[in-house]
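Chain nomenclature is as follows: A, B, C and D, assigned in order of appearance, with residue numbering initiated at 1 for each chain independently.
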């Protein structure tokens, strides 16, 4: 497949009052044209910082101190401000988490949607507004012509997120970064927005990087999934591989701590004990080790490399080392393995 | 991909389950106030201001010991002497004065006894300016502190009651605040000064009567937010009484607002005192305040500029330092606002 | 909207009425007579003068008369200034006060906005430090100190501007600068806080992600959103400018109402004090009213109210 | 089914309106009735603005109900005075766990004082030693290290804070706890910790819960019965399994069809059911029992079809 984006060995630090936080500690991934990559992780795991690094939309105290971000082979980190401006909103665009705050409250939505066109293309205001209207219709805003002159506060949360999406896709970007776009929304609205994103992807063929903490949402939208913990990827693979053949104990914990509709009250939920580490002083070994039921001595001493599970599936856990003991994953995960076998048989 | 060679014994399971370590807190215990102090002392500007203010307050408190002369003692013969710093020949502080284009030793001219030095010179009645400034600062600070205290005593309870009760009570209380604040505060102060006998108490009352409104408004707005906080709701579901909620939950969480606002009220009060004295309805003679000194100094400014420079500088330092300290405190209490 | 304005105007008059009442009774509470500092009058003469001003009537009657007069735009008659009606006094002196007041507010606001905006955009740089320093000076140095210094150095010593004269624009420069310092400082601080807030908001991030350059973001999105709240401090700014004008007019001998007010205080001219108090209050309430209406007009969130539907 | 169980809370025609008579009047809770049985977990689900949190707050009397009755252990508590002996007794029997672990603990108080607040209000301990002992017990109960009782809330993680909130509620030995979205602000891996803890404590102490949430899969897991709320009304109420296997109200169906499940196979084949928000309520509709233990908000003709 055609790789349009390659992130290599990305490290991001934040200078804070208490010291340097090593928020991203060596992240590698790539993105093919038209596919959807989901990055899953809990708050503070660094998933949002990872994607913001791509567009260099980080807070002022952030420092991308190592790594390359290759877009069609060119390192975005070496681009000038002006060159980056030309990419943002044109080639790569972004959808944010909170639709209630991400629109300019004093500008009509028509103008806001037309803005990227006016920045990146030599079009007249009229043309841009006409195109904005079209896109607003595409994302499902009723009567877009009349509503172009309305202000953000006149729309509901779900509609505002549609407008934000309209802004992001108005210039047909090659890559769309969606940073928890449905977290602030109700379940039914979330479903609508996800359907809309899938539909738009079909129509305009954009690749999507989808950030979320909700594994349910991932299952519905992703082609490939990366699981992030404490500033690193711990496992990545195709959506079926990660959901039905997970290898990292953290992925096990995540999948198993959510009740499915057939979990009965008698089986205790499998909770992950403790809390994520403080990245001011990241642990020497595997960051997940203190919370890991299956931790070994080596986990405390050395960070695990990625072990290959299949051509597309990798996990960073010492359990995959040939010398590691065989462990029995939680019941819920075993059920998933069975499903994976069935899928393989098909 | 090559597989790293690791000694086999490293692959023993640790049986981590039920590990109590997971609930340990690694960071040292630090109370909120300690944290605030730490942030404040990291702010150099705030530290300088705090030091300056401490020195000024110290000098004011011990004015009777520190002031070299009686501030009200008049020496008709020694009037309008320029500053003289011992026998040091520093221009501007050597007792010389420009008279008809020539620099003349003013002290010699009035036959001042040997060893007579006025660090900041004397005024038109021959009173020592330094002593008057020390006492004047003291009086101005007393006015400011008292006015601020009255301000807090009215503003905080008013704001809390208005915000906590809400509804009709709040409505009525807010109408009152609106009326009070729609009369220009200066006019209220002037009216009060005309009606009351000029003096310390009148000035304090006059300033406090207009200033509490700002405090009350801020406290009310904060109380409105705080009362919807879940910890206050939790206290209510536990059956805590309203007074207890106010003292245990509201006031401690309002403290930063109160402290910061106080830091802005103090310069305001100092300004008003100076203003009133400047237009002649402030502290009555012979007592000095920074305002009366400025007013006196202004009259002679063309010929004897030192008589105004000194009080003007002190007043400005106090105003700047309190304002900057207020900024520093705000940043210390609310770290988000600064970075 | 019309209903809202009408309600506010009603409030304006109600507040004015309360202020007039309080002022009136406060003045009547004063010990002694308003003529105590005039040439000694014999009891007979005093009685005549009192009757002339209607002071021999019961207080309540005086009050009704006064309020009645107010409704006809009559603020009473001065005891001191040739028995001129206070309204007339104000009329003669309004123009200079308005001129320097307006000049100072406009100058202060524009410079303050620029200073605050630059400080916010270059936060934590030397520009920010400088801007903060300037605005703190503006807030901290009392206008009367500044006025005296300006007068001494720029006028008396260096002869750049007239010392104390009121004829042309030249003569308004120094008082304007003296008065503009405080609004400048206040606006700059307010603007900086607002702009810092706005610049860290989500919609600015979205604007950046659209490919706007740093300056485009500021001009198209940040400025407008941080300017709207500036309107709210115009009211308080008018109050402080008015305060400052009293001494500044005095120092520069400008024949304005501020100077008049101070003069009437020192001469115990109660009707003038009362009249000016009510006039000042009226002016300020009016400013607050205009500002509130302005705010509704420029902020789309308020203007259009609850149009949201799903 | 309803007869053989004893109700601890009976809500009858509860209405909670705000800004009454003004243009911005809100009917947050609009004529809601239901019972909660002793020992069960009653789930209340709905989307934002549905009135579920308001219902909880009205029951615990953080608000004064506009009309209707709330019987707690058979006594009407909807009109008792906000400060008085009756209220004080009630405040011990019913408690609440809040949503936001960051806003629900006073940042200026030590953990031990937060937990002991109820002990102090009701005079449940005689002296400081006894107070400390009880606080340690409570911390232990929620699996927190009693050594940390002198720390301030900000030093704890979200999950730990939520457990402190649970300890505070447990301190006064309540019979009934309203949990107002207790896990929605927590990370997935932490949610299970809190839910497991709540279940363990319920078994140990025989508590009754009302569990308010928008996360349907967790509600299904923890609840015995579930009520679905929409625009201030309960539109459906039934056993947890029943509501999931046989939803009757179109809104419930739409809600169920929208829950994302961490299973790609299910997600790829799922059909979402849209709900028409405009034609939601008609005259003559009310909540009625259409099947044993299964209540539906509908009119009589519709109800008859289930007979």
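Operating definition for what follows: contacts are C-beta pairs under 8 Å (C-beta built on N, C-alpha and C of every residue); 3 or more make two chains touch, one makes a residue touch a chain.
Please read these numbers as outputs of a predicted model, since none were measured by experiment.
Kindly work out which chain lies most centrally, taking the average of its C-alpha atoms as its position.
If we average C-alpha coordinates per chain, B lands closest to the whole-structure average.
Just how far, in Å, is the C-alpha centre of chain D from the one of chain C?
Here the centre of chain D sits 54 Å away from the centre of chain C.
Could you give the separation in Å between the centres of chain B and chain C, each centre being the mean of its C-alpha atoms?
Averaging C-alpha atoms per chain gives centres 24 Å apart.
How many angstrom lie between the centres of chain A and chain B, each centre taken as the mean Cα position?
Spacing between the chain centres: roughly 50 Å.
Considering chain A alone, which of its residues make contact with at least two other chains?
273, 275
Would you please write down the residue numbers of chain B that are in contact with two or more other chains?
Only 23, 27 qualify.
Mind pulling the chain C residues that touch 2 or more other chains?
Residues 310.
Quick one: which chain pairs are touching?
Pairwise, the chains that meet the contact rule are A-B, A-C, A-D, B-C, B-D.
Over in the complex, which chain A residues touch chain B? Could you list them?
17, 61, 273-275, 278, 289-302, 305-308, 318, 321-325, 327
Under the definition above, what is the set of chain A residues touching chain C in their complex?
It comes out as residues 55, 57, 81-82, 85-90, 93-94, 96, 98, 101-107, 115-116, 119-120, 150-151, 153-156, 158-159, 164, 167-168.
Using the touch rule from the top, collect the residues of chain C that touch chain A in their complex.
Answer in residue numbers: 201-203, 205-214, 216, 220-221, 224-225, 228, 299-301, 304, 307-310.
For the complex, give me every residue of chain D touching chain B.
Those in contact with chain B are residues 57, 60, 62, 83, 87-88, 91-92, 94-96, 98-100, 103-109, 114, 117-118, 121-122, 143-145, 148, 150-152, 154-156, 160, 165, 168-169, 172.
What does chain B use to touch chain C in their complex?
For this pair, the touching residues of chain B are 178-179, 182-187, 190-191, 194-195, 267, 271, 274-275, 278-281, 294, 298, 301-302, 305, 308, 312, 315-316, 319-320, 323-324, 327, 337.
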